[in-house]
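Quick one: this structure, given as structure tokens, is what I'll be asking you about.
Chain naming follows the written order as A, B, C and D, and within any one chain the residues start at number 1.
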Amino acid sequence: MCRWMAWHGQPVLIHELLFDSPHAIVDQSLHSRMGAETTNGDGFGLGWYGVGEGPAVYHSIRPAWSDVNLRELAAHIESPLFLTHIRAAIGSPVQQTNCHPFRHGRWLFVHNGYVGDFHDLRRDLMLALDPEHFAAVQGSTDTEVVFRLALTHGLEDDPLAAMARTIGHIEESARRLGRTPMVQGTFGISDGESLWAVRYATEGTARTLYASADVEAVRKLYPDNERVAMLRDHDRLIVSEPFSDLPGVWEEIPQSSSVRVAADGVFEREDFRPLVPVG
Amino acid sequence: MCRWMAWHGQPVLIHELLFDSPHAIVDQSLHSRMGAETTNGDGFGLGWYGVGEGPAVYHSIRPAWSDVNLRELAAHIESPLFLTHIRAAIGSPVQQTNCHPFRHGRWLFVHNGYVGDFHDLRRDLMLALDPEHFAAVQGSTDTEVVFRLALTHGLEDDPLAAMARTIGHIEESARRLGRTPMVQGTFGISDGESLWAVRYATEGTARTLYASADVEAVRKLYPDNERVAMLRDHDRLIVSEPFSDLPGVWEEIPQSSSVRVAADGVFEREDFRPLVPVG
Amino acid sequence: MCRWMAWHGQPVLIHELLFDSPHAIVDQSLHSRMGAETTNGDGFGLGWYGVGEGPAVYHSIRPAWSDVNLRELAAHIESPLFLTHIRAAIGSPVQQTNCHPFRHGRWLFVHNGYVGDFHDLRRDLMLALDPEHFAAVQGSTDTEVVFRLALTHGLEDDPLAAMARTIGHIEESARRLGRTPMVQGTFGISDGESLWAVRYATEGTARTLYASADVEAVRKLYPDNERVAMLRDHDRLIVSEPFSDLPGVWEEIPQSSSVRVAADGVFEREDFRPLVPVG
Amino acid sequence: MCRWMAWHGQPVLIHELLFDSPHAIVDQSLHSRMGAETTNGDGFGLGWYGVGEGPAVYHSIRPAWSDVNLRELAAHIESPLFLTHIRAAIGSPVQQTNCHPFRHGRWLFVHNGYVGDFHDLRRDLMLALDPEHFAAVQGSTDTEVVFRLALTHGLEDDPLAAMARTIGHIEESARRLGRTPMVQGTFGISDGESLWAVRYATEGTARTLYASADVEAVRKLYPDNERVAMLRDHDRLIVSEPFSDLPGVWEEIPQSSSVRVAADGVFEREDFRPLVPVG
């Protein structure tokens, strides 16, 4: 199972959130072996906005915990908006072109979950891509195709509507091919100003997703906490699973819903439902 | 520009032909920087028949000259039929899934050359693949798609006929899209018993291809040469460029032709012409 | 914690023992996350005797479970004697020169465990190496230095005596530097004919080590088992932890003891005690 | 032969100097195949000062031209002082711990050249290291040992004096071991404020080294050149070989000399001579 995390707020050293927290996303990859989980050692990706034109991406096929370059970058890059993703490969090769975040122009995209029967749906879904987006597919993951399909469905204009159409499209494709539709998971999307996340599963329980609580509320709970004191209003984290143990800091994002962190930090929740394609 | 080499004959340590020869394929990657050639440091592949079920493949994204594992394998694997390929990446990522040889069942496939405007043709060509072969595409090279298209056109039954239909198909696709058709290069194919090679270019001069001369003739030329003395009748090498400097050992394979080394070692040449698809 | 495994017996496809068994060493790296163990995703090594001159080694910094090349090699290399090792890095970089087995001439060496305070002992221990062996050190692991020290102490003539002197030397070095002596673990050694293993800890419980039971006994226990039927007399496995669940197949090697599988398959156990260096 | 480059001046996107210039250091690795030079495809390193504590380092064992991550970083990191190095491995493995720059605290160190007979000198030179620096050696290059020896000789207090003592020490060690002393090459050193370079060879011609001319002079020569117009007073480049073809922009640094770019940009040249160790 993959893990991802996104930060939207004051510029911080990426290191602060990747490594410094008690149960930060890199340590999650090791401790996610508790129980029966697959380990998250199949690659790591980091996408950040800051210096330079558009978002930067760093992809590594080394496990995050042993990637020395990752520690270096994280300790020397500051960003007000970044996404990280640790991969557990389900049926596709471990290579840089299969690492998240995927990028198109100023957009970044991460996913934790899967598209059921993707091997059988892949051809139909790729046929539905705009030629520009078909040509841009470099890897073999389901996520990359979902991203390209969402772009085809207008992600750049309205990400949440595009995701609704995309998931509806995939479920419909499955039905037409006689398969059980299944799109599962959480999606993280950004354009460098806003940050969106969707939590959805056709059936059953979707992968988990949490948002940090309003900073004001967190300050009240932990008036003496050093780290909390450094938070500014509108700082926001979206995470697959909480990475600190302070009660009250994390709020679960319900299934079939989406959230949006606006450029000014305003935080909104909405219901999310796929749109069945017409015709 | 890529380089490839194939051996068909007595079982030899792969090392003998990869490293030991004065200008063997690994050294070719370094010395191919003479002049204005791009270096061949974008990955290496080895496919061999021998122990175990079907062909084995080893793909590395490290340059061949610095890949310690490759030297180890080559020194400890014996095979009567193997293909090696050094890659110079033209427009696709350096990753293991983009390394040659490509494999399907007992078939191996290498290529030195390119498909013109592949970026624009890719979608149409992938649509033409049998669903089984579409699903099997893991990388982003033109060669992998050519291979899968050839399989769709019956490579497993008749490789040369399939290549003729495949190249004709690609040229026709280009014309339909308003592009100048261009399929260039040399192809190496094997099923573990025979070895085929094709040299072709829609226009201009195709990448070079050479076959070793009949062993009998080589023995007459070099009666005192140690290495030559070890050759057996029907030992055959097919190479992008010669890797020893002995005159008379290498015969150029003409453009628009194919060769076949049969299971029993018999060596045949034929003309090669693409088949324009009907309808 | 690392894991290692050695086979001494009839030639088998390495794949049979790496991947095929229910809880083979590669799967061990994933399932070793149960409880509080560190994962074994910091590199993999394979050393085998067979075709070609001396032992071959394959080292990979990719986790074993996602290394496609490893699966390929394992399925196409047959060997009567090989060692595999999965690494969990404790304080040294993940790089090929830090992977086991280490090799010198026809000797291979693996280790699961550690040398306490190695960072502080390293200089003194390296000073004690024969110049030839000092020069040969390429990585930064404790194991490589232990191996080179054992070679300095005559491993090529008598591996068990050399290990006794080596461990005694390391413990004495620690005492001289005012540290608590600690050499911990299991060692696997081979020259291509015999296979030795040592289990020892200065204090506390050493890493586990098991040997497969005599084939005759295993046959009596499991007369109908397909895999057991394929075993020949004198086939022997030495493993860090058992990888099948058949009771009676595995016998624990006691702490402070060594075993030896002779060229003819004869299996011997002995006590093992470090030799304190004189002067 | 390795190549290195250092920038000291206004904050620039690393990309500007790595990739954008007509013959930038990354393209140098490809075009350095002209003639009989070995290619520089054995690893790349980047060390930069800027955001975060101390210098950051990025090391890659992929050839620079195919390292996608490198392009990303370079396009999104701004720095007023950075060093880059492309490696051609001479006798040591291609691994991240063998990439330059080497780092200690706030110090970075690169080298183009070699220590003659290093394999034989290595033990003596490592014995001469302060225990702290012995313990810090992670790789197997001559450069890393030279760096650690220079630190032992007080590099942190006076880099040029330390280099003089270090080179004298190495030459003396060679003589004592009956070898021909040979220390060859160019060294780049920084503490994040100043930038030093040394060009020296015991015998023969040292690797080349150039500094950009004073900005004022360059402006006079090229009043209409866009890139030149962006330069500020005191911007300075130190390079192994020039990477633009504008005459008058590059001044060769003579052999047996050192240069220093001070924190305020002042540029000084001095003679450089090794100090023979006393006793």
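Odds and ends about this structure:
Just so it is clear, contacts are C-beta pairs under 8 Å (C-beta built on N, C-alpha and C of every residue); 3 or more make two chains touch, one makes a residue touch a chain.
Since we're looking at a predicted model, the values are computed, not measured.
Shared contact partners of chain A and chain B, listed by label: C, D.
Looking at which positions face the partner, chain A and chain C present mostly the same ones, since more than half of the interface numbers are shared. The pair with more inter-chain C-beta contacts, choosing from B-D and A-D, is A-D.
Chain A and chain D have Cα centroids lying 40 Å from one another. Taken residue by residue, chain B touches two or more other chains at 68, 93, 96, whereas all remaining positions touch fewer.
By the touch rule above, chain C contacts chain D in their complex via residues 92-93, 95-97, 119-120, 122-123, 126-127, 131, 134-135, 137-140. Within the complex, the chain A residues that touch chain C are 30, 32-34, 37-39, 41-42, 61-63, 65-66, 68, 89, 93-94.
Note for the complex: chain B touches chain C at residues 13, 15, 48, 50-53, 56-60, 68-69, 72-73, 75-78, 96.
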